[in-house]
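After this come two complexes, each holding chain A, first together with chain B and then together with chain C.
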Partner chain A sequence: MSSVPTAAGDLSMEPAPGSLRGSAAPPPIELQAASDNSRRRKLYSRLFYILCVLISLLSVVVLAVLLASITIQGQGMLTWQLLTGSHSELYPESSGMWPSIIGSIAICGICALSALPLGIGTAIFLEEFKPKSKPLRMLHGFIQLNIANLAGVPSIVYGLLGLSLFVFMFNVFGQIQVNESAGLELMGVKRYYQVLTLAGDGHTVLIPQDDDAEPTIQIDQPVIAVDDQGNEFELSLWEIGTPRPTDPAEKRMTVRKGAIGGSYARTNWSYFRLPFGRSFLAAGLTLALVILPIVIIASQESLRSVPPSLREASFGLGATVWQTVRNVSLPAALPGILTGSILAMGRAIGEAAPVLVVLGATVAKNSGPQNMMDNVVTMPVLIFNWAGRQQATYQELAAAAIIVLLVVLLLMNSAAIYLRQRMRIEA
Partner chain B sequence: MTTLPSQSPTMSNAPRSDSDRDARDEHRADHQTTTAGGTDRLAADDGQTRQVEDTGHPCIRIADFNAWYGSFQALHALNLDIPRNQVTAFIGPSGCGKSTLLRWLNRMNDIVPSAHSRGVLTLDGIDVLSPSTDVVNLRRRVGMVFQKPNPFPKSIFENVAFGPRLHLRVRRGELEELVEWALRKAAVWEEVKDRLHSPALGLSGGQQQRLCIARAIAVGPDVLLMDEPCSALDPASTLAIEDLIYELRRQYTIVMVTHNMQQASRCSDRTAFFYEGKLIESGATQELFTKPQEKRTDDYVRGRFG
Partner chain C sequence: MVAVLAVCALMTIGITIGIVVMLIGQSWNFFQSEHVSVGDFLTGTHWTALQSRELDNAEFGIWPLLSGTFRVTIIAMVIALPCGLVTAVYLSEFSSSRVRSILKPTLEVIAGIPTVVLGYFAILVISPGLQLFTGGAFDTFNATSAGIAVGILCLPMVCSLSEDALHAVPRALREGAYGLGCTPFETSMKVVVPAALSGIISAFLLAFSRAIGETMVVALAAGTRATFTFDPREQSQTMTGFIVEMIKSESEYGTVQYFSLYAVAITLFVITFAMTLLGQMIRRRYQESYD
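Right, the complex of A and B next:
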């Protein structure tokens, strides 16, 4: 408080140095006052410095507290079992997160494959192709404005967009209902009729299905069937009233005449259908929407930081825009683009809300995705689920899973820093 | 300088009276009548027929040329002929439009969205400004060297090979020959021949600028545009570049923007003086510096302003 009057006193002196300009008179300020002033200025500078240090320490302290509390809570569960096992309702202490690690990596892979080319391409369009015509310039400005807006949209909104765009595709390809229609199946699926054999232990054979529309088949004559190993053989029939075959091997290749077979779809890794349903493909694409604005803005920034003189040099030699982008701008901007992209991927791997909306709250899976249309568990969803449970074991598991997630994020961020440093040295 | 055709408007019209403003207006009116109703295309054809008739025709013709950045008019009704295989220097105070004109000569201003122009600008009869003119081919014929040395962050070899690679599919051997030729031509070969594959950014400023000249001539241009090529260099490097420019003019038509009047007088054959977007005076360097026709030119070359 005491410094305020002095400050006012100083202010009142201000006209005096102003009058100096006109006359050659000696400064009417006493030397003592000037030195007081300098002492106070130094004091303020020092206070400001301390304030800055305190503020930056605050964020570090928050992080440290978070890490410490999680480590204390989760260290007991930080075992090999956590990394290799899968979720268990009955035995929480033997639960693990292997399927969710695989699931997160799969989703991030899809996300990177779709968001990076799109994002970098958009950034190149916005930065390197400056249109001259009026409508194109307006389009340019429109896109630029929208990207800035999109970056601020909450991720759960993207989740809802992904739900109608990728999961249901506005129902234009039909709805996916269990055991009925499966939308528009394009590849990787083979339909069979499943028929019980005479083996008696629930053993079945598969008969390739010719007519997709026919949900059942009645076996009246010998047909070609497929056994467990995928070998084709001629199915023999047994008519009621005739003697049953006794050889177990033969029993497994025989069905009762008139038996009814139900439809059964066997999918392989390349299974692809429209709409995507609650699949990791849909989740990956949704996350791509979430990080697309971030990737675009980061790539734009680093393209903008390429010295214009390099671009001019290239154009001056008669390079086309593409040649300039390919040979000059993109190589120079690549470290920045990569860093921004990896940071965006870090955001994607930690997102829970859009994944929850798109995939539902599935946690009970014991493997990664079997095909592109398979549902997955991701780390944030698993943590969300575990952390909300009553049992203390699950709470500890959640803390341990958070540590694993943080380690994965840390690895990605260090990869970004390493890449940037290496490319800077090379350049 | 004597090869200029007599009908060249600027030369013949080098204002004689003291009331230079009137003279220039008169001249502008003259010019408007000669090209009245004529489109760029017509003017280009005109240039072409002259090329056939007269072997001593100028390389670049600029007639009634105006240029704008947005609504700001940077150049006003310029008329200038630039002769072949000579060094033409553009001088004038900062912001007088000399760099703008230079950048229109190879359509470098296409990068600037707000830049537009009107008038006639022909290079060997080719209409430079026409939208149908292939900018890539134009820039191949009109190389450019910039104010600050701007080698690519690649090796010395890659820098020189960059241009040829853009335009042609060349074998490695041919490329090596071409690179050596260009580096020798730019008088930097002896200094870099042992480290062709080390980064170009490791060279000194003067070496980098000569490398940029080598890079420009490796594409095989007819015209070299130099935008204050020595302004970022020390005196020794400047001298080396000036010598090089003097050598190169045998083969190339060189247009050079410079702030340095000594430089203009040392290494140019012709000089054009610009002031506030207008061409005040142009002519043989010797005459312009010793017997300027215009008061403002006189003031400028004597260092009274600018």
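Right, the complex of A and C next:
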């Protein structure tokens, strides 16, 4: 449309009526008025144009101020320590964001794995399998309207849904409150009793637990135990009144008769239970709900922009609908779908509210997730936490963390643009 | 295979049902308590769910939170709607392709900035700036700075949706207007914008609903006191801000105070859902078709 205004400018600059007559006779009064009027209209138009330019410039200025102020505030804290350290209450200067970077990646991985197939599948269904009968068409329209509405639901409401649906699972598997190992544990966990040995310094041995319902054990006869390396051995007992063993190695394999051991759960990376609790799995799935409408709408738009003639040619060659989708529409729409997906992932990485609701506001974590049910910190939540503090150091840390987050987003967006360009060339 | 895809599509309806069931189910726990009534909730002007540990002292009247939300939202709209529309008009009617190639990416970058970053910007730059210009008339946390930040956030959305609507207006209308001797101002404001009005109004409504649901900016910059005033210089806890504070406070699950957050959430959901639905309906129903 950009060519219209210049052409229009010429049109509207038709000479004022007065000037046609030359200066021989003074122009009649109404023509004079008309000329004033058109001058005024042109002035308005000019002013409006200037207003447009100024207001449009405003957004550039705002972006520049935002980036400049955050860079100035955060540059002092932009150190290697920031990338490798973890949050510290006592020494703010040495705080870092490594766990939150890992956490963000973990959550976004889960989010991508669940939202992208679902979203692209839905888009294919809505665009390529248009129903013919009337009730199905109405259902189709309803789904379409519903998706548009889902896109407008505030992300914090999705957070609350994730809290009920993934964290507590509507309390179907019992209420999870403080006890870490509640719920229905499916795999990746082994239960032991932990008993103090004679070695002192809190040294313990583990005794495999047979009955989950029994929270403690009293050692009265020798049992099979496991040491730190996982080797099994028979536990020996020491009765009060008899001489204590003196050999340190033996001490480590001996417990007092009648000692009481508490329950201890050892989890490996595949630990999985229902409900998910405050885990990164729950957070990732919640984020998937948030970006699902975005993925669907972007994929639909790019499927819609595939020219119908391509599909018709495919049908004309005798391909089925499904073959057409797989061989024609989907490859043609892929660059657009990928770009939309990466932009949606960018949204997911920057989203704080749902993660905050699902995982809680704690940031004291010094590693990435240890198992699938582990809590994590994400970059936006960490920034929110730091930015909400009074100390100047945390304020600067927040700005530095924002720079890191923005760089990550920039990298993702560049990847999107690069992919789009490359696929265009190949296509 | 088609069945799998159909299940994917039906899942989206499942999400909506899930949201509604969850909100109604959880806020039922709140309204069931004899300490609260729906009437008091909808008309009360005091909200002290976070401040009072004792249930007897807690007052649950939604209006302070609503007024906080609307103060922030109105300030945001005063900024985002005119600026967004004018930028859209400029982009679609006047700009050269060179200006466009700068302006469009700028707006996309602003749209991609995480909201928590804008919240930080509000407390880092906007709020001190306001205090500087007015000689300290504003609170440290106030509705205006949060509103301005939310306005910046909504601007790209208003702009891109309005621009789409303006683009859909056929060239013939513009040429007709210019042929009748209209100036560019008259053409765009009296012909093109009215022709795209349904799309523009729907863009406004969608931006409005986005601003109401915005969370991180208000949680950082709008303060934590729920006040029932129209003074934009004061602290103003919004509905979303309250939900975040409640979650942050790690209040015990099961108390009436805790469940009050679901009552707030259902109010928020109803308002935004109505806005979005209205926006979608206007866009579909009144879409001018020029084919």
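Everything that follows uses one rule, which is that the second predicted complex is superposed on the first by the 366 of 427 C-alpha atoms of A that agree within 3 Å, B and C clash if a C-alpha of one lies under 4 Å from a C-alpha of the other, contacts with A are read in each partner's own complex, and residues count from 1 in each chain.
Keep in mind that, in the parts below, a contact is a pair of C-beta atoms (placed from the backbone, for glycine too) under 8 Å apart; a residue touches a chain by one contact, two chains touch by 3 or more.
None of the values given here were measured: they were computed from a predicted structure.
When the two complexes are superposed, the chain touching more residues of chain A, out of chain B and chain C, is C. Once the two complexes are overlaid on the shared chain, A:Phe384 sits against chain C while remaining clear of chain B. When both complexes are overlaid on chain A, the residue A:Leu90 reaches neither chain B nor chain C. When both complexes are overlaid on chain A, the residue A:Val60 reaches chain C alone and has no touch with chain B. Once the two complexes are overlaid on the shared chain, A:Ser309 sits against chain B while remaining clear of chain C.
Of the two partner chains placed around the shared chain by superposition, chain B is the only one that A:Ala319 touches, whereas chain C remains out of contact. In the superposed model, A:Leu145 makes contact with chain C only, not with chain B. Shared contact residues on chain A (touching chain B in one structure, chain C in the other): none found.
Of all residues in chain A, only 1-2, 4-5, 7-9, 11-12, 14, 41-42, 44-45, 47-49, 51-53, 55-56, 58-60, 62-63, 65-66, 69-70, 73, 117-118, 121-122, 124-126, 129, 142-143, 145-158, 160-161, 164-165, 170, 177, 289, 292-293, 296, 322, 343, 346-347, 349-353, 356-357, 360-361, 380, 383-384, 387-388, 395, 398-399, 402, 405-406, 409, 413 touch chain C in the complex they form. Looking at the complex, you find that chain B touches chain A at residues 106, 108, 110-111, 113, 135-140, 143-144, 146, 148, 150-153, 162-163, 166-167, 212, 215-216, 219. Chain A meets chain B in the complex at residues 130-132, 137, 307, 309-320, 323, 327-328, 331-332, 427.
The part of chain C that touches chain A in the complex is made up of residues 1-2, 4-6, 8-13, 15-16, 18-19, 22-23, 25-26, 82-83, 86-87, 89-97, 99-100, 102-103, 106-107, 109-110, 112-121, 123-125, 152, 155-156, 167, 171, 174-175, 178-179, 181-189, 206, 209-210, 212-216, 219-220, 240, 243-244, 247-248, 250, 253, 261-262, 265, 268-269, 272-273, 275-277, 279-280.
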